[in-house]
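All remarks here apply to the structure that follows.
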Amino acid sequence: MIQQLIFYPLIVQMLLAIVLMFVWSRIGWQRVISIVGSVLNLGVAVWLFISVWQNGTQAVQAGNWEAPFGITFVADTFAATLVLLTAIAGLAVSSFSAGSVISPRLKFGFFPIFHFLLLGLNGAFLTGDIFNLYVWFEIIIITSFVLLTIGGEKAQLEGAVKYFTLNVLASIVFLTAIAVLYGLTGSLNMADLASKVAAVENRTLVQVNALLFLVGFGIKSALFPLYFWLPASYHTPPSAVSAIFGGLLTKVGVYALIRVFTLIFEVDPFLENVLLAIAVLTLFSGAVGAIVQNNIRKIFSYLVICHIGYMIAGLGMMTEAAIAGAIFYIIHDIMVKTNLFMVSGVIYKIKANHNIKKLGDFYADHPKLSLLFAIPLFSLVGIPPLSGFWPKLSLISEGWNTENFAVIAAILFASFITLFVIVKLWGEVFWKTGAKLPEVRNFPYFNKLSKFRKTQMLAPIIFLAFVTLYLGFGAGNIQSLAERIAFELMDNQEYINTVLRK
Amino acid sequence: MKTLILRTASNYMLPLLLVFSVFILLRGHYLPGGGFVGGLIASIAFVLHAFANGLGDTRKLLKFHPGFLMPAGLSVAFLSGISPIIFTGEPLMTGIWYPDSLPIVGNLGSALFFDIGVYLVVLGVTLTIIFSISESA
Amino acid sequence: MEVLLAIIVGTLYAAGIYMILRRSLVKLIIGIILLGNGANLLIFLLGRIAKGAPPIIPGDSKVFLEAYSDPLPQALILTAIVISFGLQSFAIVLVKRAHKVVKTDDLDEMNATDEYS
């Protein structure tokens, strides 16, 4: 039973979702089951991570069909780390949504669908089959549509139409790319594809295919010319939903990009330049977008786009140290962005407003909360020794080594703009003496909630803040983890041998 | 659409189509068919009944909310999927087969239960979608 | 056969993209359906169209005795069809709700979430 450890994150989430579906209308039970189950899932994820850390890459063939004929599930250090991060973020958001999402919304099956979303994320990280990856992506987007539209407000539906169109378009591009890949090689197993794609004679078609994958995953991870669905939709659903979306959904796209371009396709100079140019433009446009916005969640949405640029820059430089920087940034970004959207949710619950021009006085009214919220905000900026600093440092030094000065300039520019935006947000929301906001009738204000609900909302923020602090102060450990992942990605023989049992 | 001919026909078609859907479900392992197609045929049976007699009658006939079939089917499929992990220690979804062949059903194995789960899920999903679309029209 | 299918796939993609670029919500969904069908046919086409027996090796031999057709593309298409079935039914419900709430099916008027505030 121990060999099947890889399946356990999937089994736990599936079981949770099924159990939650049976108690569809009992909200109280759902809250308890979801939180307890998420703790269980965290335990399983830690177990998987430790096992992979000690024994190296593991692979299991679903249905006992030998690779490359069956579907393989693989856990290398990269996948195990992301499953662990998903479990941490999932636990935090599960507790936060138990406290913050109003019960009419929970009655539409919020929790079962939330756990199906986590199931899709775990599956996408663990699968070793490109078509299976497509299936997990579809599970992710179907569940995210439902989470996005629960409640059915006007803004939510409009955002959902845009989100739906572009994400389904991305899936179709991805499916087309898979079709071409299957036609070229006759295989779908990613480890098997690694050698088969290299042997294809029609290099032009391989390059076109690589670009099809880039466009498909690029829409999902909100790269430069393809990101417009993100700021149109991420600020519309409840903050708990925004938190899981902002933290994890775009990172699945980045994960798929890194996996595909380190394992299946080799990155030639042309593709490298494309990736670097996209990274620079993503950093630039995300940062500029964040400056002009006034809605807190829209600011964070643009920062999500902006910071995807760091990861793509790391991938584009294609050296081991640069990829290690990108991995570190992914780890940092998942934790911080999840936390920031939850912070915006608490601010909204207290003030009933999202507009930073109208908010104010937060520090005077809630000094302790403000100090707590400062941790994720300034980790995002990357003030040393907080966690955002270290990956940027290694990305910049690697940019210097590979003489990509435009990338360094863009990284510095985006960092300064992030600093500017966060300082502006801090000044407007926390320090400014704002006008008194009108009382909104029937709004579930934070102060009116029971103490238990308040704890459910604040505990995950504190928890993630501690994780972020650990990422900053224990940066040595995270850096060695990121370096090991980068080494495994660049030297993919271990992955291939484990899957194909050579 | 409450014509006499359709209403009378649908009363006979409903059991016939349901039996046909089970037949399709059972032959699915080696021949064209299976849980998904069977589930669609079964849901068409109910949709036809709803067209002829109105949604209220079909709901009364079903006696429970079709949404309940989703978790029920999912758990059947889920249990058959993880049974090899529990019983034989083989990976997820490995087929476990009962050695002797049964009449009508054919070979009995965990794949059949997985298909039954799919059948129930498809039936539940389709009916829920169609009922909720036509209700709010 | 291949040429005919290639033309059909191209037409489906072109028609799908044309429909997505229309401003009406319903045409948007029709466009997505056409694109999905185009992708499915593309898998079918690229999986090599061959007429043959099912790929089952008889019990008394070790290799395939006659020409066989690849079953995998059909499995992939079936999966993709099931997924697009779910997506499309969701899309239809979404469009219905959106039309009821926003009171227009013109995509150009659905810009509340992009407005600067």
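The chains carry the letters A, B and C, assigned in the order they are written, with residues numbered from 1 in each.
The rule is simple: a residue touches a chain if its C-beta (ideal position, glycine included) is under 8 Å from a C-beta of that chain, and two chains touch if they have at least 3 such contacts.
Bear in mind that the values here come from a model prediction, so they are computed numbers and not experimental data.
A.B. asks: What is the chain whose Cα centroid lies farthest from the Cα centroid of chain A?
C.D. replies: That would be chain B.
A.B. asks: When all chain pairs are ranked by how many C-beta pairs they have in contact, which pair ranks first?
C.D. replies: Result of the pairwise contact count: A-C comes out on top.
A.B. asks: For chain A and chain C, what's the span in angstrom between their mean Cα positions?
C.D. replies: So the centroids are 27 Å from each other.
A.B. asks: Rounded to the nearest whole Å, what is the centre-to-centre distance of chain B and chain C, using the mean of the C-alpha atoms as each centre?
C.D. replies: Computed value for the inter-centroid distance: 24 Å.
A.B. asks: Quick check: how many Å separate the C-alpha centres of chain A and chain B?
C.D. replies: The separation of the two C-alpha centroids amounts to 36 Å.
A.B. asks: When you check chain C against every other chain, which residues touch at least two of them?
C.D. replies: Those would be 86.
A.B. asks: Where in chain B do residues touch two or more of the other chains?
C.D. replies: Residues of chain B touching two or more partner chains: there are none.
A.B. asks: Listing for chain A: what residues touch at least two other chains?
C.D. replies: In chain A, no residue touches two or more other chains.
A.B. asks: Looking at the complex, which residues from chain A come into contact with chain B?
C.D. replies: The contact residues of chain A facing chain B are 1, 3-4, 7, 10-11, 14-15, 17-18, 21-22, 24, 60-64.
A.B. asks: Would you pull the chain C residues touching chain A in the complex into a rising list?
C.D. replies: Result: residues 20, 25, 28, 32, 35-36, 38-40, 42-43, 45-48, 70, 72-73, 76, 79-80, 83, 86-87, 90-91, 94-95, 97-98, 101-102, 107, 110-114, 116-117 of chain C touch chain A.
A.B. asks: In their shared complex, at which residues does chain B touch chain C?
C.D. replies: That would be residues 36, 125, 129, 132-133, 136 of chain B.
A.B. asks: Which part of chain B faces chain A closely enough to touch in the complex?
C.D. replies: Checking each residue of chain B against chain A gives 67, 70-71, 74-75, 78, 82, 84-85, 89-95.
A.B. asks: Within their complex, state which residues of chain A touch chain C.
C.D. replies: Residues of chain A touching chain C: 131, 135, 138, 141-142, 145-146, 149, 152-155, 157-162, 164-165, 168-169, 172, 175-176, 178-180, 182-183, 186, 188, 231-233, 235-236, 292-295, 355.
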